[in-house]
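This report concerns only the one structure given below.
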Amino acid sequence: MEMKTIGVLTSGGDAPGMNAAVRAVVRTAIFKGIRVVGIRRGYNGLIDGDIFEMNLRSVSDIIHRGGTVLYTARSPEFKTEEGMQKAVDTCHKEGIDGIVVIGGDGSYRGARDLSLRGIPCVGLPGTIDNDISSTDYTIGFDTAMNTAMEMVDRLRDTTQSHERCSVVEVMGRRAGYLALQTGVAVGATSILVPEVPYDIDRDIVARMRKTQMSGKKHFIVVVAEGVGGVQELAKEIEARTGIESRATILGHVQRGGSPTVRDRVMASQMGHQAVELLSQGIGNRVVCFRGDKILNKDIYEALAEQKEFDFNLYRIAHEISI
Amino acid sequence: MEMKTIGVLTSGGDAPGMNAAVRAVVRTAIFKGIRVVGIRRGYNGLIDGDIFEMNLRSVSDIIHRGGTVLYTARSPEFKTEEGMQKAVDTCHKEGIDGIVVIGGDGSYRGARDLSLRGIPCVGLPGTIDNDISSTDYTIGFDTAMNTAMEMVDRLRDTTQSHERCSVVEVMGRRAGYLALQTGVAVGATSILVPEVPYDIDRDIVARMRKTQMSGKKHFIVVVAEGVGGVQELAKEIEARTGIESRATILGHVQRGGSPTVRDRVMASQMGHQAVELLSQGIGNRVVCFRGDKILNKDIYEALAEQKEFDFNLYRIAHEISI
Amino acid sequence: MEMKTIGVLTSGGDAPGMNAAVRAVVRTAIFKGIRVVGIRRGYNGLIDGDIFEMNLRSVSDIIHRGGTVLYTARSPEFKTEEGMQKAVDTCHKEGIDGIVVIGGDGSYRGARDLSLRGIPCVGLPGTIDNDISSTDYTIGFDTAMNTAMEMVDRLRDTTQSHERCSVVEVMGRRAGYLALQTGVAVGATSILVPEVPYDIDRDIVARMRKTQMSGKKHFIVVVAEGVGGVQELAKEIEARTGIESRATILGHVQRGGSPTVRDRVMASQMGHQAVELLSQGIGNRVVCFRGDKILNKDIYEALAEQKEFDFNLYRIAHEISI
Amino acid sequence: MEMKTIGVLTSGGDAPGMNAAVRAVVRTAIFKGIRVVGIRRGYNGLIDGDIFEMNLRSVSDIIHRGGTVLYTARSPEFKTEEGMQKAVDTCHKEGIDGIVVIGGDGSYRGARDLSLRGIPCVGLPGTIDNDISSTDYTIGFDTAMNTAMEMVDRLRDTTQSHERCSVVEVMGRRAGYLALQTGVAVGATSILVPEVPYDIDRDIVARMRKTQMSGKKHFIVVVAEGVGGVQELAKEIEARTGIESRATILGHVQRGGSPTVRDRVMASQMGHQAVELLSQGIGNRVVCFRGDKILNKDIYEALAEQKEFDFNLYRIAHEISI
């Protein structure tokens, strides 16, 4: 099967680096003599035919921009048989021979279903949470970690000046990757993640007391969104330790901003590989990062994988943050 | 009266630039041959005698640090006659002839009371809210505005990618200065401040509709802490416009971070002037910024002043943010 | 004279905040029912007829962008009688009744000449150097200062770790405003500006020795571009003090970046005022900032003014940076 | 052999994340009941006996600071037999049983020589250039890349506004890793590295022309320090293309700044592993990062390794940056 035209879309939550991935897809395709169209608002654009021709200059000066120039949205309609059929019809009508889908596991399921219906799709991992099981790294994760870290570094100033405890919620509904990395990077006294149950006395209060005995009077506790309850936790810590405690939820600010080098380079490489696959007529694959290599695998297998939490880093964090 | 020794303390909420002010106080005093002592944790340090000798190197490499190396705290005890007496006793015991107090209106009242009891004090305006009536500018305001703006710039990426409305609460319990400046700087569709009552339909919904008609699909609404209620407001906006709306509270992150040029330079000039005054035996004054000049005035007068909200800028914001 | 259509252009070196000014011009004009056209590449666009219609959305999401969406260039042809006549012809042909010119003194002269030929022009001060005599503040100055400061803050880390002296050149060919503010903000041991002659022994070496005696071992010397010679100066300092010295030229990086709050707000207010003037048929004026007010004045007078260097701040810097 | 006391030093050029590594070494040692001393100014401190006791609080609030709190310096004396002997004597006198050396290949050779003389040493890779052959990653590299990228992003604004070509020199005397990553991240039209000879017409001019034909008018060329000659190159590009070209040398600014998440986390893990090794009496090793694992290897072997340039990424860069 020859690829004459490929489409590209971003789906699910936006992540810094998505634009760099779109740029790499467009440029690699054109380099290979393949026509590219942009699909707006994720799978909705495929259903509604919201599609436009892209050229080298469509992706100029976007590599450093957060968000996604293709817009993104969730698409409940795409999960229905009718929506899926409309999408397939659009592909036929527009002559789209294959699609690069940038998003998370939910987006991958759509890519798999489209592939099954004869439109080869390749998925790229794009989410700030790094919670895609088939890859060690997702586009947007590095930027989000650094944004969270910089925000906690600012909090540190006021926490230290007032000799308080700051309880900070970072993103990560299902996974503690962002909380763990951020927590290590800011030297948090305690890090709470969904993967590890915690005991407030053992894991927070006792650690604060031990640290206090060595002369330190301010504390940072990093909590993953999936653990939650930071307002109550701050009150509880204050009640048990007598140290004034304040909760902060970093929120959506973590999703935005200009991507870091790592996100831009990773997105460029992944976007390139996605087109390499499609140009050979290969679909139903996801691009992933394992070890230090960019690989690809079958979407079915990808969706079935389990990802391990880095318990070793978690243990190191506890040893060195007293 | 000859000043042999002066003390310096930071009081109330911390603000970026306080360290630059402390540095200027210490260095100017030493330049003039005056001994300087640091007083820790605001007026508490004066009550408890938590005082230490400072030299040129005590303030090395702090000009760029957020927070305050002297720590800060509120001091309910200082408001009692007994606490005040302890503070005066400490001054006599330690040979402190005058004090520079860096903080807000509450701290100024303490400075006035100490001055009345024979310890000349000079107040410096330090608060991120810019809500000190006697001055156009307070140390920390510029940094806080820029921090808030950068955070909203990040939110803009995700707001735009998802075509949402972001309702963002910035600091400012009593005043909308921070909200107004931030709102203008991010091009907010609407800015809500305590100084101006608002009507959700006229001031938000109608403006969003008008903007929408010209082709824009994402919106930012900046709300001062003193107006509050951003969660409910986001729900209400979504209900009335059908546009997905999300609330974000920027929180204490706005208090920290390395100070901007303006905060460092202003703090340096103000700290310098405070010591100029004390070195001439002049107390019961506050340093302030009016027009483009650093001046000083009587604390009583300073506390009695009223500050005007910049309604002209507020009006401009509404004309150009459609 | 009724203004039906106004044009806007950016001229000379670009500066962060120019986009915010363009946005304010466009939006204010449309708010007043005036048509706006963009003129590309400064006066060249006027000569070549490189002009396009602008609407509310032409300036969406540019307030936070550095550079200028209208592009900028110097225009030698515009200084000739022939070029000037072409520009006037374009205005007549395109129905341009008045122009907002954003740039420096050179751009003001063009605005004056056009005004004389019946096209009322209003100048806005846009340059990172703050070297426009008629105004206390120029759009871009605050951003450039903060960029320079952040870069020197980074240099400080390595200067301190290696116990060196860093000699840093910041922009400012004709004026030391940027060097002075940056120097105070980073706590430079010495600040060299074109406005003040210096003696290497008295103003650098002696100050370093004095500082060294109090225990400090790293030094920063900030030098304005107009003083220059940082490579040689670094060698000379090393020869005279025995302290390893390194020169760094910050360069064009200082011109770019997302504008600060102050630049965005100032540009918004100035752009608004420029259209207020033109809408009343008033030309041959420049908008300026004096004290704490945005004012306007005759271009002839503006070009004839002299601006004073802040010798008081320069003196304070020397007292507190030991 | 039981480790009662270990020392830690930083050597060679400073790098962001060195403080995070020192912190991890100190905290891990104390966690294991081992005493730790800090050695100032690299191997010089060992020769001069400039050594101090460290505790949990010696490394508080340094994880986010650039530079190194232990200072660093090159030590020609240490390379002599006499200097080496003095260092060994200091270890015996101070009871230092093992040392963690943070630095580059030069520092590793010192660590090897000390190990040979009975003082077990473990090397940690710390340099912004990533030019240590035995490891895929060096502490400081990620921060330096991001600093360089942010600076070029600022240059992009002015490059674009003036439709110029910017020729930017980034650090890397012997290796193009930093230039390659930065170049990909900023979407540079051409990237010049010491590993790949270049032809100005084929690799720069022809690429600029091709890009120009598609409508782009501004260009960024990233050049590694080891290639050099950016001033001449800019002139040559301007002569051959007619496009105004400017050279910028980013310089030492790239060495400083608060470390990124990656540098802080990597440094924490590596510092932890170094103490794990020493605590088992194992010396003459370096810690390294390979694939996605932190490993360690013999210093002799480490120094003999060759590192490959990522030609694949280099190729991708050329395909997608037109």
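The letters A, B, C and D name the chains in turn, as written, and every chain counts its residues from 1.
Heads up, the rule we're going with is that a residue touches a chain if its C-beta (ideal position, glycine included) is under 8 Å from a C-beta of that chain, and two chains touch if they have at least 3 such contacts.
Since we're looking at a predicted model, the values are computed, not measured.
*Asks:* Measuring centre to centre, with centres taken as mean CA positions, what chain is farthest from chain D?
*Replies:* B
*Asks:* Rounded to the nearest whole Å, what is the centre-to-centre distance of chain C and chain D, using the mean of the C-alpha atoms as each centre?
*Replies:* Chain centroid spacing, chain C to chain D, equals 36 Å.
*Asks:* Between chain A and chain D, what's the gap in Å when you average each chain's C-alpha atoms?
*Replies:* 28
*Asks:* With chain centres defined as C-alpha means, what is the inter-centre distance between chain A and chain C in Å?
*Replies:* Going by mean C-alpha positions, chain A sits 39 Å from chain C.
*Asks:* For chain D, jot down the residues that touch at least 2 other chains.
*Replies:* 153, 156, 160
*Asks:* Which chains touch which?
*Replies:* A-B, A-D, B-C, C-D
*Asks:* Write out the stretch or stretches of chain D touching chain A in their complex.
*Replies:* 23-24, 27-28, 31, 55-57, 60-61, 63-64, 136, 142, 145-146, 149, 153, 156, 160, 181-182, 184-187, 211, 214-216, 258, 260-262, 264-265, 268-269, 271-272, 290-292, 313, 316-317, 319-322
*Asks:* Using the touch definition up top, name the residues of chain A that touch chain B in the complex.
*Replies:* 10, 13-14, 16, 18, 41, 65-68, 71-73, 147, 151, 153-158, 160-163, 166, 246, 248-257
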